[in-house]
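In the two complexes that follow, subunit A is the common piece, with subunit B as its partner first and subunit C second.
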Partner chain A sequence: MQSQDNTMTDPSNETKQAEKAKQKATDPAIEAGLERLTPERIKKTINQVLEKETGPRFKAYVETCMRCGLCAEACSYFLSNDRDPRFMPAAKVKNTIWEMLVKKGEVSRDFLREAVRISHLECNVCKRCAMYCPFGIDIAYMMLLVRRICHKLEITPQYIQDTVNSHSVTLNQMWVKDDEWIDTLQWQEEDAREEFEDLQIPLDKMGADIMYSVIAPEPKFQAGLIYQTAAMMHAAGIDWTMPSTPGWDNSNMAMYTGDNEISGRIAKAFFETAAKLRVKRIVMGECGHAFRSVYDMGNRWNSWVMPPFEVVHALAFYHELLTEGRITIAEKYKKKVTLHDPCNVSRGRGLHDKAREVVNMVCEDFVDMVPNREHNFCCGAGGGVINCGPPYKGERMVNNRNKAEQLAATGAEVLIAPCHNCHSGLEDIIQHYDLKMEIKFLGDLMYETMEKKIYKPGA
Partner chain B sequence: MNSFIAFIMGPMVWISAIIFLGGLLFKFIGIIQSVRSKEPYVFSYLTVKHSLRSIGAWLIPFFPKSTRLSPVYYGISYVFHIFLFVIPLFLASHIVLFNEAFQISWPALNDGVADWLSLAVIAALVFFAIRRQMVPEVKYLTSGSDYLLIFLVALPFITGYLAYHQWFAYRWMVVAHVLSGELMLIMIPFSRFSHMLTAPLTRAYMGSEFGNVRHARDW
Partner chain C sequence: MNRKMEEKRSWDWHTELTEIAFEEWKTRFNWVQAPRVSMDGERIAAVVNLDEMAFTVCVNGDVWEGEYEKVWSLTPVSENGFAAFAARDEEWTMNVNGTEWSNWCDFIWNMMVSPDGTRLGAAFQTDSEYGVIVDDVPWEDRYENMTGAVMAPDGTSAAVVQVESMAAADVDAFKKGVFCVARNGKAMDRRFLNIWDISFDADARNIACGVRTDRETYGIVQNNSVWDNRFESVWKPAFLDADTLLAPVRSGGKWHLYKNDAPFWANAYDQLWHLTISPDGSQVAAIVSSPFGRWTVAVNDRVWQQSWDTMVADIHFSADGSCLAAVYKHKEFWDLAVDETPWHMAADMVFVPRISKDGSVVAVVVEKQGQYQLVVNKRVVASGYRFMAEPVISPDGTKVMLKGIENGIYKRKIIGL
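== the complex of A and B ==
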């Protein structure tokens, strides 16, 4: 406990760590990209984006901000860095896009290096600040605009750019090959049949009620999650299917690098896969950004006001399974649990109350973290931040101190994080700050506690 | 000189009122047209219900969490904005002028009360200026134009207060008061004072995104 207190309260130590981490993290993609830039190209690109790709919305944000500073309290980065003004949301705008606007695109390479850092590593585009600005100014939108400019200047951080390259080539985030995907599903099916006689993971079943989709990290290194879902689908007797062809991955890192064209392509392939299978609706695993991609953003890039299919996040799906009695809980989970509300399904879709109902149906002892629901602090990993990779992990941990303090205050033994990005980021936090907590997906607990029925058709 | 004063006290009042109202109207039309041609998606998500829900929530004192985290600043700011409109509109000597021009009148504030309210507005502006120096995150964002805006609002209230008490150079103080009032009105459409028009619009859009798409609260 002593060591934990030290790391969490000694700011000088943390600042030193941050400086060290910053010096170490020279990103080859950013540096090489900056080398290639000429002042003419910088100016032309910035002005093209500002003039052609923005409109009255951006203009209104710039003209309306009264520099009141109320957004500061919203931001985990500001709170984790001892209220350093540079980390407040409006300052991030001031140090990136305002400056580009004022200088009409005539900015230096050093300025751009800072702009990449601020927009990609010091903002999770979680939109909490939009709830703390009296005028509802969307600073996340402006940070994504900065990332768009960085993308067009080809100075996106290496790791996240690689995931976009993978999306572009394979339509999934992790270079999963077509045969590996099918092979993984069949492997999980085979394993699960030892527990559930006749269990199937139906591939390409035309006209199924539900297309189930996951993000590429699941087949890549968390195949057990697919197993668990298959078990739930089987026990509940759901008419479901998974696509065998590209378009199965609902993740979308291009959405976070400003590569809007590829982002739109990914979402389109995803919806076309569902359309081809003529499913009634799409259910997706516990991922937040993927939900944002197909529910809120990818559809817009394809000129759909709302997604062309009903898209159901795992939280809402579990709620449905439990309240309809399709799955019953054999014995409630005993340990004291707390719940992290991921920005993209809570602030992004209002699923926080349903999530609490599910947790209370599954667990005996639930304690809320404070703040919670729409006001929950960000995991510090989402919005593409964790995807910028290991070189930046050190500074990410410094920037997440606030989250560690919030988690520690709950006194819970188990942290439920129903989002892949949050899950990975929070796992890092628990380890770094030595919090005595286990981390789980809600599906882990559903699977652990549910009645493991063997479904018999017609029975 | 007299003709200059006559111009300031006469036609210029009309000109500044027209620039103020016309400028805001022009700006509003410009925004709508520009949204239509460049970002029509805004209309796909904007709903009256969720716009009003969000604006309404943010008008209730200390209802949004953000306002509870900075209660002093928010409280002063809230009262300041009310007084900013109430004082000029309900001042007896202003109502007399409206009556002369349009033959309409309405109940006036007691002069003594208005006097204290004006002092409160000036005090609030002093608070805003000091806050810009004292609170690090606000100081970080502050530039000269922020002080200029504070000064522009303070000027009509300071000159009005001095003119009312007739402590010195009454006639010149009245001229300065009218001139500074005109300057402020003219500046509204062309400066960040225009947040009186744009803030409800940005709030409405964010309120609609939250209410209509995100099914979440934005306060």
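== the complex of A and C ==
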């Protein structure tokens, strides 16, 4: 477990500035939303959610918590903030949903301003604390309930709300227009033909074995990742396709703002796209929360107990490509690497051992961070936290000190982060704490080390 | 008799076997993309690569005249033909049977083909302005953003368009509603936060869609008005006839079917979508889930006895409404149920079934262990194919046309029933 003294100092000495920024940071969407609220609307909304949208699970959690504080040691926010008791998971509940319950929804705007902050910025719903609670109390679930209330009261932070607005219009999280999406795929296909003359990114291919799906930041900023995957698919001889229609983005920020209706709509479009194309399974890029959406939350709102298609995370897919010999490694990656276990694919889905096997097949020198696997500390960006945008970056860095220490202790030159949110969040940490590490996706290393030849069955 | 039936009747239902060497194309071109088969089965086509950045379409071994930097979305259309999007000098157009449309644009996508294959539409973008083009006639009005373009059988088109600019992350502007339905390019008056699933009635005189009126309030729009009732969510509405609109709506955490703004079906479901009305208008069906996690079909609010644990992908009526087929997945396998009776095929995939007009013949392509089979009324009539397009049932219901590739040869086979 984490040592109790947090010794890392903030090299850029921005902590104090960030603290200040934190006090000042006003979010126009939250402030305008609070302005519109009446005590009646607040009360009605809170009670509606508590009475109609919570089940026995909520009651049990609230009644069972002994305030023993065992969960505190689990939470990166608590550890990063010098064990400030207000960051204890149980305190987050006490200061939000518990108070709403006790006061029967009669809470003030100032209280709500704080509740938005706690639930959206001081908890990344990573569920780490639930592993340390003797009763398995799921604080993340309760923070999501608070977010649900904030959503209904229209006081969700601006940037993540904009992301959800984008989802609602375009079914992707970054306002990527339909033509931009297809154009990007065709452009990557064209570029990749420099390497593989007859490479295709087959669009809307009915009956393909695999539908490959990504999250919107890929076409928007990191189109090279699509190139890399196309190269792997081609070399491995996979019968695959990508949809030209909305439903290609597997991300789901609505799940994190409590907009369950839009979240369900996103998951519907996603799975129905796969059904329309008659594919057998879905492979998704390196993303953690998207996995949670399609595996847990978005599907259930639609009455799918389990996702209707097998959804294979990139980690597991790389494992398959390597163990089946469809992709062979020309020469292993030399630099010393470490691996960040994204909570949604590791704690949430148990893919950590597969991930290590892949890393070891691809890299020569792997060092684990401590703690690791399902006990890993969160990147501090997930759960929608980074999506709350630039206004909160300063405090996010403060809240991530603990993660920076964990990374520094590995002595690795390269950090592998197989999740987009983790990747962006960890990149910020590396810069802020001046960690002298490169950050990569596992796909970057797969592509870099693979033999650029076409798989022939039985060869 | 409609045009489609007439055309079908004129097709060759006598020649038992027509063969075209398809794999052999691979020796003529650098590479050959996924095959498509014409409606009448007489032609097989694929996008082919001739050279670096030089593509065309090969139909039965003959290539289209033009060479293009890119060609995509090859689709069968009427008159045994094919259409595709094609680009030259970074400009795009539609190419129908080798003939380019006169209009070119910066991008073109969302191929829309009327059921009889005679009308063609697409979404386009030029100079960052968006619109729909139907049969080479583009919308006069263009918009900065457009989603969900649709086309009615008569070529009437509509889409959701943005009528007011929004700065990045301007959640206030969004909250006021900046989206409208544009019909044949003309934006309608009402603005909403969101608009989804535009639907037309049979003659495309009436239009409907689902909307969101504020953060958590959803409604149904029928022409120029919004239903009075508001909901927690809505799915795609459908016209029963010109004056009657049905819509799946969510309230109290359950899904209900409404008709003209009032409850229609008595039952509430955990899910209710893919509202499907028989072509003769006599039956209303939907994919439903009830209880939570179980999937089945409801016809006129009566739920099928059987239910499945994974999903019902789509449902299809015969023209006379007497037969309903559902493609579903249960315990990892895909299957088909016809009028409540499962076929127990345990397939890796089941494609879209074809049903004769009177509902007596159901033909479907399935895939098992990488091989395609044609199954007619539960009987496997052909197997061992590497690819099959959807079959066609003869207008008199006595024959089925198989369109598939076996040992590298495309085969059009007429199979007597």
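Annotations
FYI, the second predicted complex is superposed on the first by the 437 of 459 C-alpha atoms of A that agree within 3 Å, B and C clash if a C-alpha of one lies under 4 Å from a C-alpha of the other, contacts with A are read in each partner's own complex, and residues count from 1 in each chain.
Throughout what follows, contacts are C-beta pairs under 8 Å (C-beta built on N, C-alpha and C of every residue); 3 or more make two chains touch, one makes a residue touch a chain.
In this text the structure is predicted, and so the values were computed from the model without any measurement.
In the superposition on chain A, A:Phe78 makes contact with subunit B only, not with subunit C.
Of the two partner chains placed around the shared chain by superposition, subunit C is the only one that A:Glu197 touches, whereas subunit B remains out of contact. In the superposition on chain A, contact is made by A:His375 with subunit B only, not with subunit C. By the touch criterion defined above, A:Val305 lies against subunit B and subunit C together after alignment on the C-alpha atoms of chain A. Touch criterion met: A:Arg347 reaches subunit B, while subunit C stays clear of it.
Legend: residue contacts after superposition of the two complexes on their common chain; A:Glu63 is shown touching subunit B, with no touch to subunit C. By the touch criterion stated above, A:Glu324 is placed in contact with neither subunit B nor subunit C. Of the two partner chains, subunit C is the only one that A:Ser244 touches; subunit B does not reach it.
The residues of subunit A shared by its contacts with subunit B and with subunit C are 305-306.
Listed in rising order, the residues of subunit B touching subunit A in the complex are 31, 34-35, 38-39, 41-42, 44-45, 54, 58, 64-67, 69-70, 73-74, 77, 135-143, 146, 192, 194-195, 198-199, 201-203, 205-207, 210, 213-219. Here subunit A touches subunit B in the complex through residues 55-57, 59-61, 63-70, 72-74, 78, 83, 85-86, 88, 90-91, 94, 130-138, 296, 300, 305-306, 346-350, 371, 374-375, going by the rule given at the top.
Listing the residues of subunit C that touch subunit A in their complex gives 30-31, 33-34, 49, 52-53, 70, 72-73, 106-107, 109-110, 123, 125, 130, 145, 147, 168-172, 174-175, 179, 193-194, 196, 212, 215-216, 218, 232-233, 250, 253, 270-271, 273, 289, 292-293, 295, 309-311, 313-314, 329, 348-349, 351, 367, 387. By the touch criterion given at the top, residues 28-29, 32, 52-53, 151-152, 154, 158-159, 161-162, 165, 168-170, 177-179, 182-183, 186, 190, 193, 197-198, 200, 202-207, 244-246, 259, 261, 264-265, 268, 271-272, 275, 278, 280, 302-306, 308, 389 of subunit A touch subunit C in their complex.
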